[in-house]
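Structures for review follow.
Each of the next two complexes has chain A plus one other chain: chain B in the first, chain C in the second.
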Partner chain A sequence: MSRRNYLIRRVIQAIFSLWVIATILFFLFRLGLPDPTAALITEGLNAEQRAAVRAQFGLEDPLWRQYLLYLWNAVQGDFGLSFANRAPVASVVWERLANTMVLMIPAIVLAYVIGVPLGAWLSWKRGTGTDTGGIALGLMFRSAPPFWTGMIVILVLGVWLSAFPTSGMRTLPYDADGFLDKIFTLDFLHHLILPALVVALFYLGSPLLIMRNTMLEVYGEDFIEMARAKGLPERRILYNHAARNALLPVVTQLAVTIGLAAGGQVAVEGVFSWPGLGREIFRAVGTSDFPLAQASFLVLAAFIITLNLLVDILYTALDPRVTFQ
Partner chain B sequence: MTMTRMTTTSSIAFAAALVLPAAAAAQEPVPPVEIYTTTESYDPIRYEGAFIIQEAWEELGLDVTVTPMEFSTLLDRFYSEQDFDATILGWSGRVDRLDPQFFLGTLDSRQAEPGANNPGGYDNPEYDELFDAQAREFDIEARRDIVHEMQELYMPDVPVVVLFHRDEVVAYNNTAFTNMNAMAGEGLYSEWGAMEAEPVGDRTTLRIGGPQEPDNINPLNSTSVWGWKWMRLYYDRLVRLSPEVEPVDWAATDVTAEDDTTIVVTLREGMTFHDGEPVRAEDVAFTFDYYMDSSYSYFDSYLEPVDSVEVTGDHEITFNLTEPSASFATITLSQIPILPEHVWADIEDPQELSPDDIPTVGSGPFVFDRYDRGEFMSITTNPDHFQADEIAVDGVEFLIYADAEGVFTALDTGEVDMTAWRMEPGQIPLAEDNDDLTVVSVPDFGYFHFTFNLRREPFDDVAMRRALTMAMDRERMVNVLLEGRGEVGTSVIAPVNEYWHNPFLERFEFDMEAARAELEEAGYSWDEDGMLVR
Partner chain C sequence: MTLPPFLRAAAKPLRLMGQDRMAMIGLAVLSLVILMALFAPLLATHDPHSVNEIEEGSVLERGEARWTLRPSLGELALNDAASDAARDLIVGRDGTIWHRPEGGDWTQPERLTEVDLHGVDISPEGRGLIVGAESTILLQNGGDWAAIDAPDPGAELRGVAWYDAQTAFMTGAGEQIWRLDAETGEITQIESPVGRGFPLNSVARDHDGTLLAVGERGLVVRIDPQDDSTELVRLPSSRDFNHIYIAESGAALVVGERGTVLRRDDPDADWESGQAPDTRAMRAGWIGDDGTAIAVGRSGIVLEWNGGDWQVAPTESERHFRAILVRGDEMLALGSDNFVDRLARPSADHWFGTDHIGRDLYSQNVYGSQIALMVGFIAAGLVVLIGTNVGLIAGYFRGRTESVLMRTVDVLYGIPTEPFALILVLLFGPSLLIIILAIALLTWRTVARLIRSQVLSLRERPFVKAARVAGASHLRIMYLHIFPNVLPLVFLELAIITGAAIIAEATLSFLGLGAPQSISWGGILHDARLSGAWRTAWWWNLPPGAFIMLTVMSVFFISRSLEVIANPRLRARE
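And now, the complex of A and B:
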């Protein structure tokens, strides 16, 4: 099969998956979540008044009509208005997603930049105290709940030492012309450090352990033996020959991590009051804000599907033995 | 659900009839009951409270199940479907509920239909009659007598048990601001707080930290108390409720009842909107008409008594009511903001306004500055307002955090000066240990209630309800679950609401012996397993 046909097939598959997910989301929320006006009861609204609110949200129409309208609008990129504040959810989701990614990407990159060479190095030191200590450390941060790590970091670096701000993306209030203007500031970097550190520590364990274990497998291969026989320096064998061949599983893991990162680390966004997508999803589901919840999850799904597609393509570059068959 | 319960009951009855000798066969076991409450994660207090009740009721010989439920589902089951035996829920103490109208209405039989506020189904014609009478009574003393009588009337029937009122515990930074007065049911974040606060530190802008933010700041769409808590700072109302919760003239200089259904309001002269336009009587009339024409249901109950509004003079507005309404001044006039006609008149579908298009022009003591969703809100002091000389701060900023933990850290580090919402129990001792922080505790007039479904056995029997109420250790709930920060409930009108609360009511103290006696007297007895029969 040609590369082009392969790509077309994959894209069609991706669109089909999105449609299935969109449908599941639509019915899941409407059948599974409570009536979005239920909370208004405690505000003293009676049944008739709540029905008026439901009508405003378009929820009094038959379900099939709501569904068709939703699909039709979604195809045109219109995901409707948030129940809470009538904001177009698409713009809310993109803005929050950007906020989340600007925290997650640096943190994940940091985790992989440190984790991958560290894992390779630990494999070299296998069986020693360094190896055991490194594994233990990686596992510890991986198992420690990020909200807990976050609280410790806030207490020590934020409250006791007063070295870093403990919440938000910027010192409030701030003015910014668009997203880039918001993040290309020292103030933003200052706010980014603590949450990014917590996220990076959490993610550090994966590349570290995967790299170390794959390296150990690679060491048994003939070409390593060959390299040694050629009298290459150990350092060169480690990084140029073994590490390159051990990268494949790490790249897969990286793609999955970034894909899932779009949903944010809700706990970290909570502890640091980071205005990201995770917090928004949490709020949307908690208040049955269907349009916002649907759009958020759909964007997450699209993100993961796209990244998987990219990884498959990237594989062919990393390892020429992988073909489109 | 109902089907299963009926089958179980009848099969128990059947079995009992087989086993017991003929003499006892006339005695029917009391059907098992199910208590609905919140999940532990939503509210551990109501969750634990249900088990305290279950324990004592089982001791009395009742078969009790506790079913925790996700909050919105619980609301739906209780209000919309009315499919419950007994439910633990609560009413929050919004300031307009200090007027007795709302809470007394929760026992009005005309509110017993599905979706309304009396899901327990209490039906007492005498009570309903008094409810109408107090609603019409303009003489405040006479109205109070009726309100007291209503509490006396319903209490012995215990259609609902007010479990407790939970204190609102908040804190502020005393090195930054002083003259911070908490208001019942509102805490520090009341409509007076910002007007009274006096800076003692460098910053002259009051900073509030909270985990809640408005759903939106559209005065024709917000359906959350957090929207209105903010908006009321930059919109004027004709009347404001004083910290002692009495209506005081605000944008109005006079409110006179010409007769039972005609109220004449004189508008203060010389007021301007924040865009410089004068506030005219036409704006007031426009606002009321605009609200009545809109499908904004949040204000429906406030506007219910209004038939029409007319401009009857340069600064005079006349309200014609459909029927006499005692709460017109305390609720209606104190809650409806004055909107500028020249801004809103051309907006046809105000509920669909997107956040960027929502007008924020008011005439209030503060001027809207900005609202960055999920992050920040601010208002500045209005130098042209008639109250401006009394206000010491230059403005108010509201910092939005993800949770109460973030708010407390901010208070601790001096980033904010006060909490908008109650602190977590674990934070209170930490705040008390910090010399810079002053902890304030205000009683709430909202309440947590235990509602019996009066349509179902065994709660259709008043003696049973009385006995079961005596078997609720509410003192223990307050001491253990609230760590003493609260008060055992009596009537639906809280003790802190001194003017309307009737202090001479049956108290139903925790007393298992009295509960047993009450049951015996009503003809209940116990079988050999100690289970209640009748």
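And now, the complex of A and C:
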């Protein structure tokens, strides 16, 4: 199969996945929330007004028409109005996703920048006490639930030492013209440090252990023997020959982690009152704001699927051994 | 006896694990946690759901900004206090007496009685007089206390006040008014004007030489010591009165149930009913010669008079206060009968302290292990069961079967894990089953992919081809020939996913989506966060997370050694 055919098939597959997920989501919500407008009773809407809302969302139509309408709207990126704040759902979702990514990407990058060289170094020290200690440390970080680490960090650094703010993205009140204006400030950085640190610690274990293990596998390859036979210094073999070849699984893991992180860490966002997408989904489903919950979930799924697609494409570019079957 | 190859293959990883120290540590820790879950009822020191109350000789001192707790005097409630220039006396439950000379420390004289002591007063010449339940009367002669026989042995005496150096009056729960002659030890019973058995809780000497006794239903009796006559006095309230205090100057304060505070600013003024900002029972009052006044009561309520009205003073504790002791600038509120032992620091009784409603945190943590392990193991078992079979079938049959199964796995990879679990639990209600499904329904995708890729290479190996030629059925080849070879990988995934599932369960519980009525480590952290106390109560949020970390770490340690078994290339070469 040619590379082009492979790519086309892969894209079709991604679209198919998205459609299946959208369908599952639609029926999941109809099953779990037979009358989404029930939540509106608390807002003081009477039966007639609720019927009007139901009509507005097409909830009086037969199920198949609702489903088609839902798909059609989703394709156009129109997710309707949020029950809670009557704002267009799409704008809310994009803003929350950006908030999440601005926390997750620095944290994950930090985790990989520290974890990858550390993992390579541990593989070099294989079998020693350093290796064992490093592995134990990596496993420990991965075992501690990040929301708990967050609570402890807030307790020590935020409350006892008062060194860092413990909630939100900025000190309130603030005004900012748009997203970039909001994040390119020292105040934002100050707010970012604690949650990013906590997330980075949690993700540190994966690159560290994957890098170490892949390095050990690479050490068995012939070209390493060759390099040794040439009399190259051990350090040079480690970083120039072995590490480069061991990076591939780490890159895959990086993309997967970013995809999962987009909607992950709901609890961490909760602990730090970070207005991210995970917290928004939690809030939306909790208050039966089903347009917002559906849209957030769908956007997340699209994001993850796109990332997985990119990884596969990247993979074919990075590793010529990958065949297009 | 020869084991079937299936079991022999399963036993191999276990034998290899025995040589890995890290795995053995993990196994040991995990065993301890499992034992903790199994024997939770034996290990727990308290019922994890029950609210713990304690009694204590609490001392609360008025500070600059707020009333703060001082080291408590024993473990029994303190009921009344009295002081003169030379010393202070406190009496309490079960015969508790505390004594403090001026400038000295509190000491406890030898216990004279086991009955509850309710009142104490010191005569103008410095003689102490204590009254209590079962008609207990203790009079001080020099330094020694001596019991005085009462005419009616069953009376519960509540109030006591000296009239002069020789005469004292006592009141009791059966409307008793007794006069004591301290020289002869003789007691005269005085008739109350009402005579219906209403408790008279407190008595004090008024400036004009009479005594005022207060009691339930607004009962106030004036006693004239000259002729032992009594007279009913009307105060502007008919609530139960608990305590009366009259200062040298004649300023007086009466406190009672439901926030009752009545003050008389000088001997000739009328009694005024103050607007108390709290309606809890006030148990003791104090008024100074300059008009400053305090009243203390249940649930840590301390009222201070600011010249115009009563205000609730900020206090550190919610103990129930029953007495006030004032010496110079030092003001103490004393208590406390059973109060909810909330947010207590770790102690011998509560090893991990207590939470915001007084539940024992150590016991909660012990029981928390049950949910964590149950969800962890069941979810991981389910995941591995689905994932292994899908991987085996897809890898073995290939073709259309493989396409359908693996495309399903691809679709699953597009679903965000945590939000999916959230939506499932929120839509279908939190129960143990839904939580396990929320974790398991997506996670099997990883296992399926891993197993399939292994099976793909195994199915081309000679032993599989040989089996096929020998006429073995598909099922037999898949489960008896191929499956044992992927067992190390299955065990590895089982361990990793157990850890991940424990964290996932903790996360859901932390978000308040745990199974209702159950105790889990995440749930404890949820309570801590919801109560807001986690920013100070480190003993509350430290242990559950540490337990999660230890448990997950133990399975990860085990998984590390399984990883080496599943992938021999990882073994350290020298």
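Here is the rule we go by: the second predicted complex is superposed on the first by the 294 of 325 C-alpha atoms of A that agree within 3 Å, B and C clash if a C-alpha of one lies under 4 Å from a C-alpha of the other, contacts with A are read in each partner's own complex, and residues count from 1 in each chain.
To be clear about the criterion, a contact is a pair of C-beta atoms (placed from the backbone, for glycine too) under 8 Å apart; a residue touches a chain by one contact, two chains touch by 3 or more.
Just so we're clear, the structure is a prediction, and the values are computed from it rather than from any experiment.
*Asks:* Examine A:Ala293 and indicate which partner it touches, taking first as chain B and second as chain C; both and neither are also allowed.
*Replies:* second
*Asks:* Looking at the overlay, what does A:Ala262 touch: chain B (first), chain C (second), both, or neither?
*Replies:* Second partner only, chain C.
*Asks:* Tell me which touches more residues of chain A here: chain C or chain B.
*Replies:* C
*Asks:* For A:Gly119, decide between first (touching chain B), second (touching chain C), both and neither.
*Replies:* Neither partner.
*Asks:* Could you say whether A:Ser167 touches chain B, chain C, both of them, or neither, answering first, second, both or neither?
*Replies:* Only chain B is touched by A:Ser167; chain C is not.
*Asks:* Using the superposition on chain A described above, determine whether A:Ile154 touches chain B (first), chain C (second), both, or neither.
*Replies:* both
*Asks:* Return first, second, both or neither, reflecting whether A:Ala84 touches chain B, chain C, both chains, or no partner chain.
*Replies:* first
*Asks:* Figure out whether A:Val271 sits in contact with chain B (first) or chain C (second), or with both, or with neither.
*Replies:* In the superposition, A:Val271 contacts both chain B and chain C.
*Asks:* Of all the chain A residues, which ones make contact with chain B and with chain C?
*Replies:* 33, 151, 154, 159, 270-271
*Asks:* Tell me, which parts of chain C touch chain A in their complex?
*Replies:* Touch list, chain C to chain A: 21-22, 407, 410-411, 413-420, 422-424, 426-428, 499, 503, 506-507, 510-511, 522, 525, 528-529, 534-536, 538, 541-542, 544-545, 548-550, 552-553, 556-557, 560, 563, 567, 569-570, 572-574.
*Asks:* Provide the residue numbers of chain A that touch chain C in the complex, in ascending order.
*Replies:* Interface residues on chain A, with respect to chain C: 13-14, 16-18, 20-21, 28-29, 31-33, 126-127, 131-132, 135-136, 139-140, 142-145, 147-149, 151-152, 154-155, 159, 213, 216-217, 219-220, 259-260, 262-267, 270-271, 278, 281-282, 285-286, 293, 296-297, 300-301, 304-305, 308.
*Asks:* Where on chain A does chain B make contact in their complex?
*Replies:* 33-35, 38-50, 52-53, 56, 81, 84-88, 151, 154, 158-159, 162, 166-169, 172-173, 269-275, 279-280, 288
*Asks:* What does chain B use to touch chain A in their complex?
*Replies:* By the definition above, chain B touches chain A via 70-73, 75-76, 79-80, 90-92, 102, 111, 113-117, 215-216, 218, 221, 223-225, 295, 297-298, 300-301, 351-355, 370, 372-376, 378, 397, 399-403, 405-406, 409-410, 412-413, 415.
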